[in-house]
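Each of the two complexes below includes chain A, the first together with chain B, the second together with chain C.
Right after this comes the complex of A and B.
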């Protein structure tokens, strides 16, 4: 490094600057405007009218809001552990090689969301879809479960499990960073695969996993929008009406942008709270390890 | 041969798309190369609508014909595939300050814009028009587009719900065609005679009847039984789905589905839409409005016709009408209105009528060969005109779009959710309710308390009462 060049923290600030500026302009500012709108009645056609905390009180009494919030949390609770477990399994399986297999794992992540959703709409067709036909071939004639609330939720979770390319790549890198000496030592000591996994791999990768879990919770709360809009349209009977979809319906179908803004902020706070809770648990876990 | 035709059509569509894209980029030159500084560029008018490719093609022809006669106006078509997306794009365009100059919209949905005062009322322009007169239109359609007494938009069509029936399938299965004055019983028996499991695998290969389980499709049956959807069509405050005539209609519809089993099951309906099933010759009768015609005409060798809805205590059908609305923010109002005059006038209305999409709102075109052409399907096109006599409409207040959106989810679930221990309904219509049975799904509570028929009224009322209450006092006469 040249003398006089910015170093350490200062350099990081400079490197992050373009991102920070763009984030402030494209995320921070609209978020603040949305917060302002949350206290108004605004239909996008006439001027906003201040209504105080009315929208937040109305949220409290809106059963569909609670359904949507519950669905979103349920989705995250099902999808995040599953995605992490599958990605970890694949990373451990493929960290030594298998370029083709790695590409295959990453591929679904590259497919545009709409195309991916349409593809699944066909895959999940209850009578003529490949899944239904395969089930029929093995003797499961009744594929009506796909149209039940839990069937639909399960299908949407399954669909996101295949789009784990980013998580997979990070875990792959994390696994390859682990010192091989440890594994050799373990082998000499005669540790079985399970012991190696629980005593070496998992503890060393835990910080990465925790960070990915936090990120995945945020992603899970947002990515439900396209599949819910395209595949299930929020149904059957609101079983897949997640918060982003409900916000969209209120904002752009019923022109209740103030109400939708209030919901957006509640979603933001819920997301922040969940991430904070995870980080808190992580800190506690680290402290217990160090003690 | 068929393949060549398909290719040709694809090429034609691609060409039309290219022309449209050219329009988007405003690259198209005025027809006569103008000398610098003398002629102005053509005024651009945007028109947004939704429809299937076959429907949209009809509007492209309309625009070409208009532009040929009006070289100083260029109409840019913004076609959207689905009604929901059409609505979402309209609302975002209005909020972004760039609404289309003109758009086509159903009477059940225009009022949310009228209520916000973002529409240019077309009534006064109609009064001054030398091309169109209000008395030339069917009053049922015109009346549907009044908001607070003012005529906001001008209707292009006056369609109604009718029965599309597959003539070839009727003949093959030896089922007599629908009679003009048929009853619920005839209708049900016809549907039963058509429903067949031809290969014996336990799944019906041909269904007698299909319709979308929505409030607007149920409405005519409720009216035929002497009931109502709401207390006051001009100022709806309460749903009326729990009154006995409405319940009689709901029982009839539900018995078709779960006792006589003439309609596709939930699985079947979700696997293949009704139009595709009808086009493939596996559906005897399909309830829909006029907008299905261009799509069905495009299906080679499909032999079909239309029949009126059956009657019960009364004859009734439901109005389906779309109108041209103009944005108040439009900067090309005069040019846009010239297009409306052309589209709704004899030339334009005939052109669109020939394409099959509309039952023209202009009486003289509706009664003309352009609409009643015996060489074009449906042969019984007059059914649409005869239905106008018994046509009724749904509310057109600002909150109605939301009421229907909320209710339709419930109607669909109600229609398909059979209590796990089987239906309480029987082949003969009976009001008797057997003791409540434990049911699955999210309707469990209501099915336990009441019965499968009035669960609909209870749930819909519970879901939409708040929306109806939130509506401002309307002054619509």
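Right after this comes the complex of A and C.
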């Protein structure tokens, strides 16, 4: 704020009041409560009972928790790079017009989660699904993809790749903000498409990509919930039991709210650590560029 | 482009198949005897009409509310500069990063203690924080691009924060409003988890929940399920097509992108 700014400026702060109150009640308070509940035994019926760090010790010995954590990390490791790469490719392809094509790319993103999951459940149906029928028509007989752990994981990754509208739009905007003169210069110097991409486009868009990657990691930890619930129910053999699903099962199906809260906090810390690691890498990369 | 549209097209054609027939043996582009019979069955099996009405009502409350609170908070945030801006914008960004799943349980507990589970309040409440902290950031970034002299001049004439917001700030960021409104609509329309946790009973179904209960009926009649999916998807697609002009715009400087 500039010194001597007119007094009216301070009054603007009040406009943020509803947001701050709601954020405190809906995010701040629940997050703190989750921390508190994590140290208690609570089933939503009787009063919470303090149990210390028991839940965290139990988590350590819960093989399913480690499976769920591993699945979530694996999912992020597969889905995030793929989503970013596809979205970047499409943004570079479509940054010069083609509103129809852009709309087409965005359209799967607006399909409500549950309808989208149901749609894919049908698409991937091994007997009657269009994909199975199409593959059978060309002579491929093996359509039991949802029955193998890697097939199910791959299917869930594939269906999130189609919903990349938000990443796509942000990358489109980032590409359009790059100065055209730079590209004209490259053309004059006769740089090939690949050189231009690796020397100009990629370095200039790297900060945006890094932020999107951080956000996508967080998002990918949540988006697995509905598809895993509707399409694979966590199977086969727990291959798609992701953390949100396991938390949901513990909290709302088995009413182990304390235990689920402990898990929630571990998930939150894992997320924060992953985002921090990414930002740390980005900072190091930037410093090496500037040096 | 074709690849991205393919699943949706297949969904539509699949829903036109008459229900009750054995599944097709091969690939069929348009099913034989295509018609709307599956849609009729969908509305008979679950109270879809009621569910659609509920979802429309929720969206009608949540979208304007989200736009108002997000733009208010965004305007307040845009007034800061220097380290304050970086700190506060960073804090909001952190809030964006908090996974929704991390507060599911205890948010539910809070509403339970308040005796508000089973009402629409827990569903609408997020709109009070702008729908998503991301929308606040979008508005803050848009407002910061406006020349500050505009605000200073209006302030000298004695305009209060609300008048600044309504008659100066908001009219200048229409593309952002279109984008936020569309995204807020998507959030409220697609919301599956919250209604699943908070609502019960036939009268309180929302469109995604109705689709879920249709699925739970164990219907192996794919045309019926797909018809339900189309019904739930259609409003979202229409909203997108209505707003896409504003933010996937062609020319530089016009759309949300061409800044």
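The criterion applied here is as follows: the second predicted complex is superposed on the first by the 268 of 291 C-alpha atoms of A that agree within 3 Å, B and C clash if a C-alpha of one lies under 4 Å from a C-alpha of the other, contacts with A are read in each partner's own complex, and residues count from 1 in each chain.
Here is the rule we use: contacts are C-beta pairs under 8 Å (C-beta built on N, C-alpha and C of every residue); 3 or more make two chains touch, one makes a residue touch a chain.
Computed from a predicted model, the values in this text were never measured in an experiment.
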Classify the contacts of A:203 with the two partner chains as first (chain B alone), second (chain C alone), both, or neither. neither
Quick check for you: in the superposed arrangement, does A:89 touch first (chain B), second (chain C), both or neither? neither
Of the two partner chains, chain B (first) and chain C (second), which one does A:44 touch, if any: first, second, both, or neither? both
More chain A residues in contact [chain B versus chain C]: C
After superposition on the shared chain, which partner residues are touched by A:114: those of chain B (first), chain C (second), both, or neither? second
According to the stated criteria, A:254 is in contact with first (chain B), second (chain C), both, or neither; which is it? first
Looking at A:122 after the superposition, I want to know if it touches chain B, chain C, both of them or none. Which is it: first, second, both, neither? second
According to the stated criteria, A:148 is in contact with first (chain B), second (chain C), both, or neither; which is it? first
Using the superposition on chain A described above, determine whether A:238 touches chain B (first), chain C (second), both, or neither. first
Could you tell me if A:179 is touching chain B, chain C, both of them or neither one (first, second, both, neither)? neither
Of all the chain A residues, which ones make contact with chain B and with chain C? 44, 125, 127-128, 252, 257
List of chain A residues in touch with chain B within their complex: 43-46, 125-129, 143-144, 147-149, 234-239, 252-255, 257
Can you list the residues on chain A that touch chain C in the complex? 1-2, 6, 8-9, 11-16, 18-23, 25-27, 29-31, 33-34, 37, 44, 97, 99-108, 110-115, 118-120, 122-123, 125, 127-128, 130, 133-134, 136-137, 162, 169, 172-173, 176-177, 214-215, 218, 221-222, 225-226, 230, 243-244, 247-248, 251-252, 257, 260-261, 264-265, 267-268, 271-272, 275
Chain A partner contacts - residues on chain B that touch it in the complex: 84, 87-88, 91-92, 94-95, 112-113, 116-118, 265-268, 270-272, 401-402, 405, 409-410, 412-413, 441-443
Residue ranges of chain C touching chain A (in the complex, touch as defined): 1-2, 4-5, 7-8, 10-11, 14, 23-27, 69-70, 72-73, 75-77, 79-82, 84, 95-107, 109-110, 112, 125-126, 128-130, 133, 136, 152, 155-156, 159-161, 164-165, 186, 189-190, 192-193, 197, 207-208, 211-212, 215, 222, 225-226, 228-230, 232-233, 236-237, 239-241, 244, 247-250, 252, 256-259
